[in-house]
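Each chain gets a letter, A, B and C, in the order it is written, and its residues are counted from 1.
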Amino acid sequence: MKKHSVAACALAAVGGASMAQSSVTLFGVLDTTVQHASQAGASVNRLLGTGGNQISRLGFRGTEDLGGGLAAGFVLDMGLNVDTGAGLPTSENNQVNAPVAGTTFNRRSTLSLSSRQLGEVRVGRDFVPTYWNITVFDPFGTAGAGSAANLAQGSLTRLSTVVTGLRASNSVGYFLPAMHGFYGQAMYAVGENVSPAAAGTRNDGNYAGARLGYAAGPLNVAAAYGTTSLASGDVSTGNLGASFTAGAFKLMAQFYRDAKEQVAAPSRSRGWLVGAQIEWGQGYFPVSYSQVQDNSPGERKAVQIALGYVHNLSKRTAVYTTYSRIQNRKGAAVSGGGVPSVANATWTGLDLGIRHIF
Amino acid sequence: MKKHSVAACALAAVGGASMAQSSVTLFGVLDTTVQHASQAGASVNRLLGTGGNQISRLGFRGTEDLGGGLAAGFVLDMGLNVDTGAGLPTSENNQVNAPVAGTTFNRRSTLSLSSRQLGEVRVGRDFVPTYWNITVFDPFGTAGAGSAANLAQGSLTRLSTVVTGLRASNSVGYFLPAMHGFYGQAMYAVGENVSPAAAGTRNDGNYAGARLGYAAGPLNVAAAYGTTSLASGDVSTGNLGASFTAGAFKLMAQFYRDAKEQVAAPSRSRGWLVGAQIEWGQGYFPVSYSQVQDNSPGERKAVQIALGYVHNLSKRTAVYTTYSRIQNRKGAAVSGGGVPSVANATWTGLDLGIRHIF
Amino acid sequence: MKKHSVAACALAAVGGASMAQSSVTLFGVLDTTVQHASQAGASVNRLLGTGGNQISRLGFRGTEDLGGGLAAGFVLDMGLNVDTGAGLPTSENNQVNAPVAGTTFNRRSTLSLSSRQLGEVRVGRDFVPTYWNITVFDPFGTAGAGSAANLAQGSLTRLSTVVTGLRASNSVGYFLPAMHGFYGQAMYAVGENVSPAAAGTRNDGNYAGARLGYAAGPLNVAAAYGTTSLASGDVSTGNLGASFTAGAFKLMAQFYRDAKEQVAAPSRSRGWLVGAQIEWGQGYFPVSYSQVQDNSPGERKAVQIALGYVHNLSKRTAVYTTYSRIQNRKGAAVSGGGVPSVANATWTGLDLGIRHIF
């Protein structure tokens, strides 16, 4: 997302201490969509408050220039369900999500030290490196009825069984400094288990992953790989994405695979997406075709076609609509939007929404 | 409440994007009261942190001028228990409240598009139209020991059995533009059930309601009607309120009825209130007389007399006291303030509090 | 902590009401430490997000000058687990903590009226008077592996059995005005039980305590005493602390005792600490030696030695490290950092962290 944001003014000290100028920035996105989803005759009408174009959030962030190219910074980013005013859960151990609907800074909660020459060290809860290619190279930005995550993190994948598919708690991350178009990051996160532990549980919830990319002119390309260690079997995922901008067309593609290994019956899935954002009038059309299949005996498979239009009322505010259809084949039962999943049935989703950035 | 608030300053963009000037406003009320409540010999002393004069809250809001009379706006309004620092729960399905004490934007969480000519479309969690007459035409603003809601949403009413008496989640609302003193709104909210569903549960938690009013000079009058569909039987409510300002006297009256129908044993209740806010010195006296009764065989009935004084230390800060007495008759057992209810016993509540708006 | 903070700018009114200038200040601390803790062969590596140098928080506060030396003010202070983005629980009744991981203003949620001549009345949730000496006269400020609270509120003490060791909900406090170096406060908090109640439960969760101190030039000394009434037996605690600054040395000492009385088997514990903060280069060394013992037949005893270094990158940002060792004797089993406690085993903790104030 482009970060249009609002900064608080740096003012006087409290408590008599002399102080350097500082600033805290409030930022956020509110996005709600009226969503109609149906599959095999069952349907649900919802007001989806997490967002159909960008994920709803409220955040606080700040940076401090420490001199010599060094800076400290923080981000506290709270996911919102605008439809109910509730928040979203986080995870304490990267093994299960906490059962809480109060607000938490579940999206990101990080503290950083960064250097222009040496890069950034970032600690806290953050997006995992392996998530970025799924969302950056999705014309729908993994939001709403047409999200690439419907397949890429849906029920045919191993990623649907872990809570570290998007983010990890208890993490230490490193980000490369700007280097002639190359960019990259690595993350290690822990499940905070007691050691020695029962067999297989010592690393339960640990995550390790990295991403490397190159962006220059119209081109952006990146690859990532990561593994979550779990008592129930490690889940690894790798992906590759690229975009190329030509005039009004921003073409995108991604490929991913994931696997659950070190168990009696290893399982795998793989998928890909091609799509584009096509500028038109005051907005753009996002379109995508994607598919995923697993290694089950019948090789279950799902195919998604998604088409939308985003009409910008300003740089910060847009109305949008998305139509998405998922075809389930060979026993696949991918669903969404609160509709009970039915094998081999086609799922459709329709969004009509508003998105406002502040 | 008068909205005295604080705006953050619009400053520079982040991420290199050019941006329009924007603003986020922080607002809130902290109100706490030492409350002594007693009934039938039992009593409780509490520090009530939700507020005895105005309901405690912390909020964020903003608007963006889109040109041509069009604007986008949002409100995130979090209820607070100042006595404990905890928040208040919201509802995901308008059927039950979520069991959470973490902070949520339970009071209001909305995104709007509005036009000076055509009115406002508002989506998210918001107050229901049928709530406004209860609070606007109550000299105590439905806060504290003297709240009109003690009776109007108390145990003798059908409204006490729904979570949509004050607010609804998953709602789409429409507000009339300014029209020579007329004002009005309509809301439709959904329980987000799967369809087809078990008999009677398809619309479980759906709410539909509307309000129409007229305000000019010293007069303000409004009527509202709404229904919540529930698997356990639909609950509908209608009300009518008016205020008239004459010198130091602001006279208020309201009438309401509610009913649970489409069940084996339909039940109803009705009530009314007369009261006033009387300016005096640096503050005002709120006073009210109200009663409610149901259609049970004995026609249970409760009568409340409430008297208070609000002393303004400034436009934003006040100290106040309220005395309220509820007489229960013919088997009624209305109570409050954490005291166990006892049939036919008189309840008394006494507040001594501070309210601060920011 | 020194309060370096950021103020929002006071801007225009909303809603057409004339308004006085006002301000809301955002403030906070993010502090995370990679902590390795071990005892008796078991160990845990964690990213500790509550803080190893100062406790992580996000807060809002404001004051209003009411004229004549009178002011109104509020503080909403939310504890943070930066490692997960979750919040910390509060207590509704001062008897047990609520089981919630959503964010709450658990650290402080208060509304105040204060006068330069008469002092301050403060209501809401606040730190108890008996907590301050433990943290103010601890070179580690009760944060991280070297915290004085490891012993002073650890498993050998009665305070480990109450939720009012740090803070109390439902409280009314009074603070002395500035008086030639003397300072003081008293607090009364209630458990909000119904009266009459089952034997012994009427005052369950009530807290009463006071603190009196004197600070002038290099000297600061204070004493405090408080009692929490509990159905399971009242827990009282008293403590005394002092600091003296001489050049680069800030020497600190504290003594405390607590007791559980009015039960069949009364129990007691007592402890003390000596330590210092020693300025060096761009930072300081915190060091402390402390011990605690109870009145069990064997007089269980634990001794902690802690040493750290805090390196200031700026007034707001520091990196730090702490090493702490707790020796358990005569059956004591004090532990920390998520490691299961083992009697008579030595616990060690090591922090490597970053702290950022905004």
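Throughout what follows, contacts are C-beta pairs under 8 Å (C-beta built on N, C-alpha and C of every residue); 3 or more make two chains touch, one makes a residue touch a chain.
Remember, it's a predicted structure, so these values are computed and weren't measured experimentally.
Chemist: How big is the rotation relating chain B to chain C when the fit is done on Cα atoms? Please round to the nearest 5 degrees.
Modeler: 120
Chemist: Would you mind working out whether chain A and chain B touch using mostly the same residue numbers, over half shared, or mostly different ones?
Modeler: Under half of the interface numbering overlaps between copies: different.
Chemist: For chain A versus chain B, what separation do you get between their C-alpha means, in angstrom?
Modeler: About 37 Å, centre to centre.
Chemist: Multi-chain contacts in chain A: which residues touch at least two other chains?
Modeler: Within chain A, the residues that touch at least two other chains are 8-9, 23, 87, 100-104.
Chemist: Which chain B residues qualify as touching chain A in the complex?
Modeler: 8-15, 17-20, 22-24, 60, 62, 64, 66-67, 70, 72-74, 76-78, 87, 90-92, 98, 100-111, 113, 123-125, 169-172, 189-190, 192-196
Chemist: Using the touch definition up top, name the residues of chain B that touch chain C in the complex.
Modeler: Residues of chain B touching chain C: 2-9, 23, 25-28, 30-32, 34, 41-47, 49, 58, 80-87, 100-104, 313-317, 319, 338-340, 354, 356, 358.
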